[in-house]
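Next up: some structures, all given as structure tokens.
One chain, chain A, links the two complexes that follow: it is found with chain B in the first and with chain C in the second.
So, the complex of A and B:
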């Protein structure tokens, strides 16, 4: 399943987190600490929205950089690094979408979290991938299922 | 779901957690008191993180109160604002009542969407909801009403959410199931007929097909969250694989997999007709799944059915083989991962059938003009992926995940090949030990050439022109050995530690089965140790893989032993002695020669000169290895209690000679360490000597007892060593005295009196208790007084 999604600023402060697996508070902190330790040295290589991978304790994490934010998507079992990488695309697109007016900055993203959570709710449900097409995500989150969907995919 | 609290930050710049409370001040993790108070604060804040809370002008309590007020006053704009503010916090079950009310009173889509979002969030507490409560009744009423609404969106969101959040109850289940069954039944009907009827599908829409597939999708999501393996929905769900909504089809396949786990034969029979490249299905019901996740799910289903004992298993297996040719790496690599679960013998014989593009062939397959073996197909796919994505000119944002997974697949496939190809013992079916060579006598002439970008491109072109090159290769050679050079290049070009780890793991399994040909790999691993930029955990991963490899192919033990020495010698601060000891334990079991080599390696490590910078860290390593030596010395040297002098050999006790030369040399070294080293090492050596004495024959015990009694005691730190030494001496004293008494009793009469037996048993248990302090786990048959005591101890039991 998709275990969790973390979004941090470039200093490592968490601006958004969503856990789909059952973890205690202590385990979440431990996971976040490990994520930081395993990835921090490579954050600079994630520039240009390159997807990087790390793996520990059965958790596969694909992470990348968008604007002032770092996105970490963690999965296990059938959600291998390539599946997670595929899911990161719509996540990045939606972050860009919610921040399109002022650019992807920490402050602006925080402001737009109410919008982002609805997009996220369309992309991942109960730890399983749901919608991946950006148009569907935008339409469905606005309860506009009847809007025609263009052919182009992300 | 997760607990409602969360921490505030990923980590501080030095790797320690920093928590930022709501007031914005930074607190280091080391302050436990402060941390606890922050944790309490976090629990109260319910915010996604304390850092985030510090950026907000609201609090959870204030938002909750405002929402309550707005709901009571039915102020729709304020409700929307409050719901928006609530997205920063984790909601609890108390919100159910408010959310249901909001859905009842509100007609604005944006408000409704947020309310449904929160309902979904509180579904984790659904087991706490009272099924007879007014809120739940309202929720079900809303659900029934929404299903008749003309707006498709409201039907979809209501169905998805209610199925997730409504508590488990017979009546509620029946209600939702009836709606789902109705939708799925109507979906199967003719479009024209349905359009004329009243029912679930609204008549106003121009796109009935789209509406159908959307509702189908909503039903499948609802089923995944509530009605897995419902018998009444079996056929509609199977038919859903053909759903025109790609996400709906994907969910349907997932649900079908759940059925397949329970009833493989029924599912296999019903789904064979969907296999896309099966000749019999062409132009009929073969599916063309556009969604890559749907294709992955279908491969997962096929993998399960191919492994099951069903008549169609061969077709499903072939589907996975064909999926290796999928042009989407996420699908192709998933097919390879699924295939790895099958035995190598099956993979070796499998083929990929030609794929010719025609109207019936889904466009997500690469064209394959001629049939090729599966192994060649896999090898080519991985080679192309690696060649393309390691080249600096053709990298994409996904290059890292692709290289990472490709290396992982090579490791797994090579492991499967190695385990299958390595000769086994006819009787035990365990891997043979093989002939061990002296590594120092093998010339290191082989060198590896890392290909340039141009060479890589040429290789890629050659691959495409000659797809079936595997058949020319020797069958004894690892079929993936041609990937060695590209994988080695990943070690140098990739800044990603994770990729380097996967590449190393792959190289460990790419090592040939013949020790002579492994020199190049040995040199590569050794050179890696010399690079100061690799982190410690990279080496741990590498040596963990070597540990697995040595179990599978014992013949590589000399190479692994040599690399263990190099690890300790070159980068002692990055050594994991536990892992080394585990590996050595495995090698010890490979026989006499293995024991000799392990002992030689241990002595080589103990005797080496150490760089002054590494003195402290080396001390810790030596401590661990001396402890290990104490644990395994008796196994290594075949010294055991059975070497006890028998009752009849009266002169035995007088003999203080140790005839076991290997043990002698171990004891000599340990004695040396017990005198001339820092107190920590001396203490460990004394303990090791004690452990050897407890498990050895009387002559060894006497020798060690004498040594420990006369050990010099003036040096620094002696107080620490003294306590251990006197404890061991005391136990040895008891052992020797009581054994002598027992043997004297036994000599005078073949049987002991009841009193003597009782005393013996008491002494036995008493000594076992004392000795067990020095061992993690004493063997069950350990007899401190020797095998003669066994009969009497058992009698007493």
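So, the complex of A and C:
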């Protein structure tokens, strides 16, 4: 299954994480630490949305860079590097989509996390791939009143 | 007013007008849920509140069941709204809270209305929530909605229904199985995703029915599925059919091979990977699969290169010649910027390397070594170490390479594994000694890790005096005495003393050097120097040898643990016996790139060898734990004291679905077999797990019973036991072997929720054979005077001669004899000098029952054909039965 999705800034601080497999908090931290150790030297090569890959302890991780963010998608068994790569495409696209007005920066992304979660819900269901066609994903989660909701006052 | 915090972040030029969600307060947001109750519903306001909840969830805030229930029920009010975006958000919110909230079932009626709503978005999302909320009692009522949704015209809805059904299969398989017709229908859907999901679901529905799976695959491979995802999945199903039915029908192979030519990389890769993993693939098929992988090696996509090289790496382990055509492409990957690819390429190349290209390869790797991080370097060092056994003549290159890593910047962990590698090379290839020693001498001149210096000084003292030019090392060692800290100086003094003992011409000079150390400021250094010096003056070689040369016969950390355990126990009337200390060195695994951890705990790998987490329990520790567990089992309480626990024997491959290993606990008249079982399938729970053992010779023992494991969950190792009785006086030693089968009831479990489906089925799983061997009844003893003891005992008429079939090298034969007999090798006879044509092993041990001493002398040489080893074994003891038993191990 798809084990988890991590999104970090370029310093390696986690901005968003979603675990589909059930892990204790300690195990999550350990996993995150290892992911960092195994990949940190190569982050600069992931520029231009190149997908890089690493593997440890039976986990395959495809990672890439979008704007100021790094995306790590980890899977095992039938979700091998090619499948993960296939899934990371729509993820990148949605991140760009939710941040499109101001560019992909950490701050903008954090603000748009609710919207991102909506898209993510279309892409991955409980650790299984659901949709990868970016058009259909956007279509089904698009909010018609697409103003940045935050500016509303209550 | 809701106050959004402004994020204070010095790095980013955040606009002060931007409002951030970062400082959102949970309590406040919960208050704001009252917006849901307003009529008419204000979509924007409610959307904002839902967004805030989603943000809190994403941030990791947790909600109590009461909070969640409140929020959940407040949100159900929004079913009235006709605003599509708000509905979408509401669905997501309901889904997130449905698992924490109580009585989520309440919304089912609202959802069933939405499932048949005219807007697709409502249908798809309602299905998804239904899947989360329903249990096996409600599902039958909702069946028709699911069936309808599966064949929905809109691919999105259909996908949602199919994916939900995959999850529901774990909740209530019987119900979902009834939908097979609808699922079958949607396989021919135009949408790629629907095809894939339908195939995945249908395969899972039929999983336990081999014939049905075969039929499904048969029909689909003819119809040419279009979706690449579905094709890749179909290939896997085809592989499953081939492996499970051992069919001779080539139609599956042909289908897989035809997929090699697919334009879609994922499909082509899947086909290539499958062919490489199948045992029945023909050389021609493998060649074309390797051809595809070779093409992928040059791809611009890292993931594709990684996939290709990973598959080749695996293939190289079983079929190295098939990989050779790709060598050139893999060499290009050595400098790949994606290090995981580079490292895999290196290890693969080293695996298939041959005598002629290995030097060039090593040089090439050395050039780019600076670019990779320590984790990967450790992998490379391990691969290089393996080379030393394969190409012993290349030691010069290997040592230089390893030394370069040792000298470069690096963590202690990396350097320690490198030093271990060098020690390994030195021990296996005696010719490499001189070059390695002089390189290491240079290294300690400026080594920042005292631990490493001490180890190296120890090695220098041990090996230096035996080389042709012992003189040249003394200078380096004495430099340490002048320049380094206490702990290193002490090691250096010991090292110097060894030269004096082992190399006679230098004795006088050594004594002068030792005299100079007498005034050292460190107590330990002075003590050592004083002791050695006075022994040299007395010329007391015997004591010097004991002090300097005689190694402990067991690893020190094991000895330390055993001693600690001995002191911790209440009863210390029995003296401590060094023979009980395990000689198996603790192995901790660090995460490796191709890391198939034998422990299937996927994420539990410890990152450093010093960090001994559960997978890395030392042999001694795990034995102690085992014994503690045994002591608590009343059934075995009457057996008395455990005389001996044997080392772990693996009864399965470490990568199989169920991993089983066995420890034998020997009592005076009983043997308890402890089977450590691990279930690696997260979708299964095993109930009533036991091992059925069928003895080859039932007369020599009696079966006393077993203890099963109640429930064996995934990755939670537990033990079951079988106990037998024997009586040496009446029936002699039990010379017997067992055929073993793991028996259990398999119960399906939903890996995401951990819920089990109550119905299970009985199943069994074959295990490797298990034997009772003399080593189970013999304990190691160490004697410093083998010759005297040997001659005291009466000579047997003549040595017993036999052959070890299939054992080609003297080293392997020595290993086998020592491990079968379980006796301690003496006078370093466990090491076979290189190029020797024959070898003699001296062994000593004692019976665990009577304490009777037993000695053995084995002379081995390869037979004329070179594929077997001849052994002449003489065993001496005052116990005739024991002697016969020991011989029985081989004849």
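The rule we apply is simple: the second predicted complex is superposed on the first by the 141 of 154 C-alpha atoms of A that agree within 3 Å, B and C clash if a C-alpha of one lies under 4 Å from a C-alpha of the other, contacts with A are read in each partner's own complex, and residues count from 1 in each chain.
We adopt the following convention: contacts are C-beta pairs under 8 Å (C-beta built on N, C-alpha and C of every residue); 3 or more make two chains touch, one makes a residue touch a chain.
Note that the structure is a prediction, hence the values are computed from the model and not measured.
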Partner chain(s) touched by A:58 [first = chain B, second = chain C, both, neither]: second
Contacts of A:1 with chain B and chain C, given as first, second, both or neither: second
First, second, both or neither for A:126, with chain B first and chain C second: both
Contacts of A:49 with chain B and chain C, given as first, second, both or neither: first
Which of chain B and chain C A:81 touches, first, second, both or neither: both
Touching partner for A:29 - first (chain B), second (chain C), both, neither: first
Chain B versus chain C as contact partner of A:13, first or second or both or neither: first
First (chain B), second (chain C), both or neither touched by A:105: second
Chain A positions touched by chain B in one structure and by chain C in the second: 16-18, 20-23, 33, 37-38, 40-42, 45, 50-55, 62, 78, 80-86, 107, 110, 113-114, 117-118, 121, 125-126, 128, 130-132, 136, 140-145
In the complex with chain B, residue positions of chain A that touch it: 6, 8, 11-25, 28-29, 32-33, 35-38, 40-42, 45, 48-55, 62, 64, 78, 80-86, 107, 110, 113-114, 117-118, 121, 125-126, 128-132, 136, 140-146, 148
Footprint of chain A on chain B - complex, ascending: 1-3, 5-13, 15-17, 20, 39, 42-43, 48-49, 51-52, 55-56, 83-85, 87-88, 109-110, 112-114, 117, 120, 151-154, 156-157, 164, 205, 207, 210-211, 214, 221, 224-225, 247, 254, 291-293, 296, 300, 329-330, 333-334, 337, 397-402, 404-405, 495-499, 501
Contacting residues of chain C [partner chain A, same complex]: 1-2, 4, 7, 9, 12, 14, 18-22, 32, 35, 43-45, 47-52, 54-55, 57-58, 60, 83-85, 88-89, 92, 95, 120-121, 124, 128, 155-156, 159-160, 163-164, 166-167, 193, 197, 233, 236, 265-266, 269-270, 301-304, 306-307, 310, 337-341, 372-373, 375, 591-597, 600, 602-605, 607, 751-752, 754
Contact set on chain A toward chain C in their complex: 1, 16-18, 20-23, 27, 30-31, 33-34, 37-38, 40-42, 45, 50-59, 62, 76, 78, 80-86, 105-107, 110-111, 113-115, 117-118, 121, 125-128, 130-133, 136, 140-145, 147, 149-154
